[in-house]
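Note that chain A is present in both complexes that follow, paired respectively with chain B and with chain C.
Then we have the complex of A and B:
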């Protein structure tokens, strides 16, 4: 059934491309000698104190977007952008000025002119802002020099097409040279054919919408199905049914994938916050309450790297998360080594003292950072490759910052596992963990191993801070939020097993996120904790208990 | 012998750290004390911490002009460490041991609720500087900021009206405690009277400090595309959840022009560290905004910047939020009331509240009446701009009379 629907869709799509091509042949011509804008009237409307006048003016700009000359389009785009950036100045007599970076100009003639001192800077209302966005896009379709810019404008208009003049797409298509922008315009035209009187156009539009599975299209199609004017024609009704079934199927798949993806990313975040602790608490048995602060320090080092790059090598700034990796690991590891040598080393035999001492260290670190950087959240310049995402199936969106966290967690896991399993240091760490006295007897310097292991654990926590910086608020107290979750993950996974930690992090993340849509976030947390208690009842040593004598 | 657990350790440490603040000597006999209950550690530290400094700034201003009834005002600061029961404990100490004339304090409603029995038993006076859910009228609390009738409802009205977006559907997302739940209950009651069916709204709650908003933003996206009229999000999450939510909201490609967010607890400080270009048009509503017009506000902003420079306070000198101004107003209005009463005794001070007015930085004239302990203030709706601040989108003509108990709940 699905296969059949897909095949018929493909045929429909071919049909609609041909139809689109014909349409643009018929309608080419378009934007030429239309009447020029009444600039003064428009500015007067935008400068009006009445919200309805402003909207009227903006709607007028939108309606005239396909008609005006290139110069008019440029002028209107400048005015629209100035208005949305609050750079429009309205004098008391309704005269408008634009406060451009190069100086103030008259809004009508664009000749340099100073706005009177008592002029107003109107703030677009929410409703006006939406129309402004459309006006901006509608004008950019004609005026923008870069194809990418025009493409973005076409996509914005296709998303918010209410009120956009019907001839805009055709007029734009007639003057468009870039094949990709033209394709986007044609696709939009086809979808706009949904309400065309011609049945073939309707079928093509339905097929196009059906091929683009979003919750929005599902709704659009369903409201059409309920509309007798459309459902009366058996061909349209059948096409609608097929399209709805297709969209619904892919929406369900998309929803399931989003849950899985969200669970994976939550698990990765948990793993990155717990990985350092898996070494320090899991392998070494130190109850380190300052673990969260190592994460915080990692994030602050990342920030410092970003600032340094910004100051000395601005062209590298977008790559600061990668540049920061070794710096963060080494610096946070060094802090860990200092803590170990100064405090922890003397307290290995007194776990309760360690608990107090690490709590004190955590307070000290928080306040040191607070004094140096202040309490506010730090502003990271999130690089473009870590913002936004891409829609894959249905409404399932792969967001780059979460994907970064997932990838980072995978790499960190692999690297740590390799270090523990394949290197001498790893061998020694495991030996000391299993039997400290015996390892010492065969010549392992247990002190040095302790130091190295603690430093490694701290460095790993620092990397956690790096990976979390595009997702979380970075401030001096951010670490305290991670500490309980990290201990939970390590204990559940089995003290002493990195693989167990990874498994537990993934499990908790998936369970938590999986329950959330059905019972709410509060209940999800409760249920997840209950499940952990039951699991620990069943396996007191954790999911993957470490082998060896304790 | 009690066992040392992490909890007891934490409590002991917190108590030990807070000690020096409490046992500060009560040396000067010609001073009158005001006690502050604002956390300088824990989740609320970034927001509440600055209120301690504003209280001191207000006291210095009063002292510079001769004090109150010939006495200098001294601010006693504590640190309840964002732990709700500790607010009550610190409040009791301030009232019984420090003999403070009044308390200033609390941000979250849950901390106010825990201090409430303490001020009532000791017949103290607590100035509460946050806008809140109402439904309370203790003679021992001065509600300096607005109940829903003069903050949330005008804002929602604006959004539902022709100047706003004509909102028809509502996604309520809040932290799971008394303030969001009461606000949402009032809103639902209000919408019912406007003939909006329950199918048009959805209510979700998250735990305190919740940060993973992926699922919820997914749900908001599908709520947005479900059709049936313009949707909005009424956001009542608090603390660090606000920037976490906004980050995920923009990250998933949502825009305020698709689905506007009305952030009821959102202040300028929550936008620190966020790139707000994608959030322009996100709304909040308060009784003061940093961009409020007028010379009084300019003076306050300049005073605060100078005070931060002088005192070395670890907060931004260029960010002023409503609760800061409300705390400042608290100190000034208490001083006015004491001056009018000619006494620092709580019953006399309280007796002087009726008819008290104060021209505060927001540009409005604050006033109190004899019916309750609420303060009438103006209403601002702010719209996020690209410089991590709020522009004034709308402000009320006058100061609506506060209604403590909502008819809609």
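Then we have the complex of A and C:
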């Protein structure tokens, strides 16, 4: 989730970089005025035999960390790291040298110089080591080139913040351009403010914390509120109460939104797998038990497209989901056409037998894929624009992969609706659905329509597999999990229109997702099934039944 | 009634098996002894045959395909397992692990239901039928039939599987129930118990075959077939098809529950995998392969497919699904009424090949 948030902030990053660069300019201008380290004195203190001198020197380094220039910072970091690695050599005259892997250098000027033979390598005391660790982290916050390194340093400082200069976090935040490090710095600032002796600072920190509605913040605020010593000041208590109420309010909104979002995403997935099923069922009265396997084939074709792109056009690999769309549709549709021509066509008017036949086909497909690809989950190289998400409000995270599935389902809905309403094929499909015999009489080739519709339904399921591939585990048996839910959608929605299917898919998705947090996934399924059985009492043909005689 | 001859042939073979099982199992015939696993296997296959007959009663009889008979099978099995665990507890005073894991100090009070064997048997005969009645009533009443009905039965079984996979349901969760101590006083897993159970199963199949044939030949059976062929017409004629279908549906559920009750002590364990929709689908596949409508086809299909499955899944595990799938496709496409069709078809084919060489068939009545 952290990585995801980083990616989601990519858009802001350019702005931040520019802003950060400007701030750097401003700051480096400011830093030139700051007093540079008195390097010789510092080395002298570190080389002193007196423990208090050493501590004094280290504390000085810590205090100077936010103020020094970049070069000073690098120098100090080098000295601190050498000291902690026992690579600081102290000559008898108090002159210091650093024993670097590349050779010994003068500690002040960093010019190559050999340490005298009688120089000693001082061992930092335990107390000195603690400060040394802080110094190292404090310097790294400013100097380290890698964001991960700086993040680690900030976390170290947040853990051991006693004695760290108060302005360090502020200064570092001003110069920081990595959003994640900046967030860690801000969290540290708030954390420090919460326990600041000054009431105004505390109030500001509480308000800042309250503005960031997360479950974690709510817990933190509540534990502070429960602490009688902390909430002794009525102003602090009132601020805490206000902040808690605010956080709770937004958390509730966020929870509601994420419920809606997850329901929408589950419904989209259901729609993709059920739409083809509903069309085929409406047209031919056949339930295709292999529909889940068409989803699985779609996902495997997507994977193959990704592998092919990786081998022949690596620069295109991030766009494999888009490249795969036509390939998946055509290939899965072709499999569907083959199944229709080879099996389904011969079972016309024996729908119960088609159940068994399509089950046999699903068994065959699962095992063919298992033999070819193996049983393990496929490792997709999910493109960066489909990983992570952006936190909108509370703990509600809009994840890109789910958004992809939702958008994909919307597109599929629009395309299918257009096909059914605007094209000749759609007209024929609707005609055959309403009255097969009459459609045949007026010259519609019902067999060809069956074939085309079956292929289209299969292709749609294949696209469902494509949309799922960033969300679900892709393995040979993945299809079996969808099939029963998809049936429920068809039973609930009826076969009259695509709207019925979409409505039922969203309804079942929302019920599943809505009940799950309270009673568990199993109860959600049980309740959904009971609701459907009861609903059939009221509307036996589903929400939107097919028109015409059947 | 078609297939009269095959019924008597099947009944004869079952009777022979019923006689041979104790004789061969205990090695009473010189030089011929059946190992215990073969006895056990025969018993299991007989349970599957009973289960297939339950499905055939509905499918072949009334044209209603259930893809959820695993539910009733498992219902009977769970009731039986409860009784066996209760009697094991009475003997050893050791609680089953799954109750300890869930923090129960003893059996939940309603497990007393399974204390006595007659009461358990009554429960097996009544409770699954009640469940079937409740579900059948709401479904048949709103005229859910055909593919719809099959799909909903499958969803029901799937939901039950999810429910039983949970540990807090109190039936052992995904590990199921095992650790049976004794079956009717005979040590579980012993030869005597195996022979007894296999014989009981065979006897049940025989009884169900004869009873089922009588039922199908009766007025009730004719009405069922009328439902299969044209339910609306029967309704227009004034019959309330709801109750006819419900009666057959409940009888079928009870038959499946009995099969489950006999099956569980033979395998020594029950877990939710019996509720897997795949098993329920496979039952329909046995019936389809054997041939619908006459009950003998169901037995033939169940025996054939399961023996093939036991043999192939040991000999060539990766091959088995392909064989099963191709077998189903072959039967469904080429032999619409299963292997029993082979007899009629082969005659037609032979006649085509050599019209003169076969004796003429008696004209059909």
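To be clear about the criterion, the second predicted complex is superposed on the first by the 357 of 550 C-alpha atoms of A that agree within 3 Å, B and C clash if a C-alpha of one lies under 4 Å from a C-alpha of the other, contacts with A are read in each partner's own complex, and residues count from 1 in each chain.
Quick note on the criterion: contacts are C-beta pairs under 8 Å (C-beta built on N, C-alpha and C of every residue); 3 or more make two chains touch, one makes a residue touch a chain.
Remember, predicted model here, so these are calculated numbers, not experimental data.
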{"item": "Clash or fit (per the criteria above) of chain B with chain C on chain A", "value": "clash"}
{"item": "Touching partner for A:355 - first (chain B), second (chain C), both, neither", "value": "both"}
{"item": "Partner chain(s) touched by A:256 [first = chain B, second = chain C, both, neither]", "value": "neither"}
{"item": "Comparing the two partners chain B and chain C, which touches a greater set of residues in chain A", "value": "B"}
{"item": "Touched partner set for A:522, first chain B, second chain C, both or neither", "value": "both"}
{"item": "Touched partner set for A:71, first chain B, second chain C, both or neither", "value": "neither"}
{"item": "Which superposed partner A:418 touches (first chain B, second chain C, both, neither)", "value": "neither"}
{"item": "Partner chain(s) touched by A:379 [first = chain B, second = chain C, both, neither]", "value": "first"}
{"item": "Which superposed partner A:347 touches (first chain B, second chain C, both, neither)", "value": "second"}
{"item": "Which of chain B and chain C A:473 touches, first, second, both or neither", "value": "first"}
{"item": "Partner chain(s) touched by A:371 [first = chain B, second = chain C, both, neither]", "value": "both"}
{"item": "Chain A residues contacted in one complex by chain B, in the other by chain C", "value": "289, 352, 355-356, 359-360, 363, 371, 520-522, 525"}
{"item": "Complex interface listing, chain A residues touching chain B", "value": "51-52, 85-86, 123, 125-127, 129-130, 133, 160, 214-216, 219-220, 223, 255, 258-259, 261-262, 265-266, 269, 289, 352, 355-356, 359-360, 363, 370-371, 374-382, 387-389, 395, 397, 399, 401-402, 471-475, 477, 480-481, 513, 516-517, 520-522, 525"}
{"item": "Contact set on chain A toward chain C in their complex", "value": "281, 285-287, 289, 343, 346-347, 350-353, 355-357, 359-361, 363-364, 366-367, 371, 484, 487-488, 491, 520-522, 525-526, 529, 532-534, 536-537, 540"}
{"item": "Chain B to chain A touching residues, read off their complex", "value": "4, 6, 9-10, 13, 17, 41-43, 45-46, 49, 159, 162-166, 176, 204-207, 209-212, 214-216, 218-219, 221-222, 225-227, 240, 243-244, 247, 250-253, 255-257, 260, 269, 272-275, 280-281, 283, 314-316, 383, 385-386, 391-393"}
{"item": "Of chain C, residues touching chain A in the complex", "value": "59, 63, 65, 67, 135, 138-139, 141-144, 146-148, 150-152, 154-156, 158-159, 162-163, 165-166, 277, 281, 284-285, 288, 318, 321-322, 324-326, 328-329, 332-333, 336"}
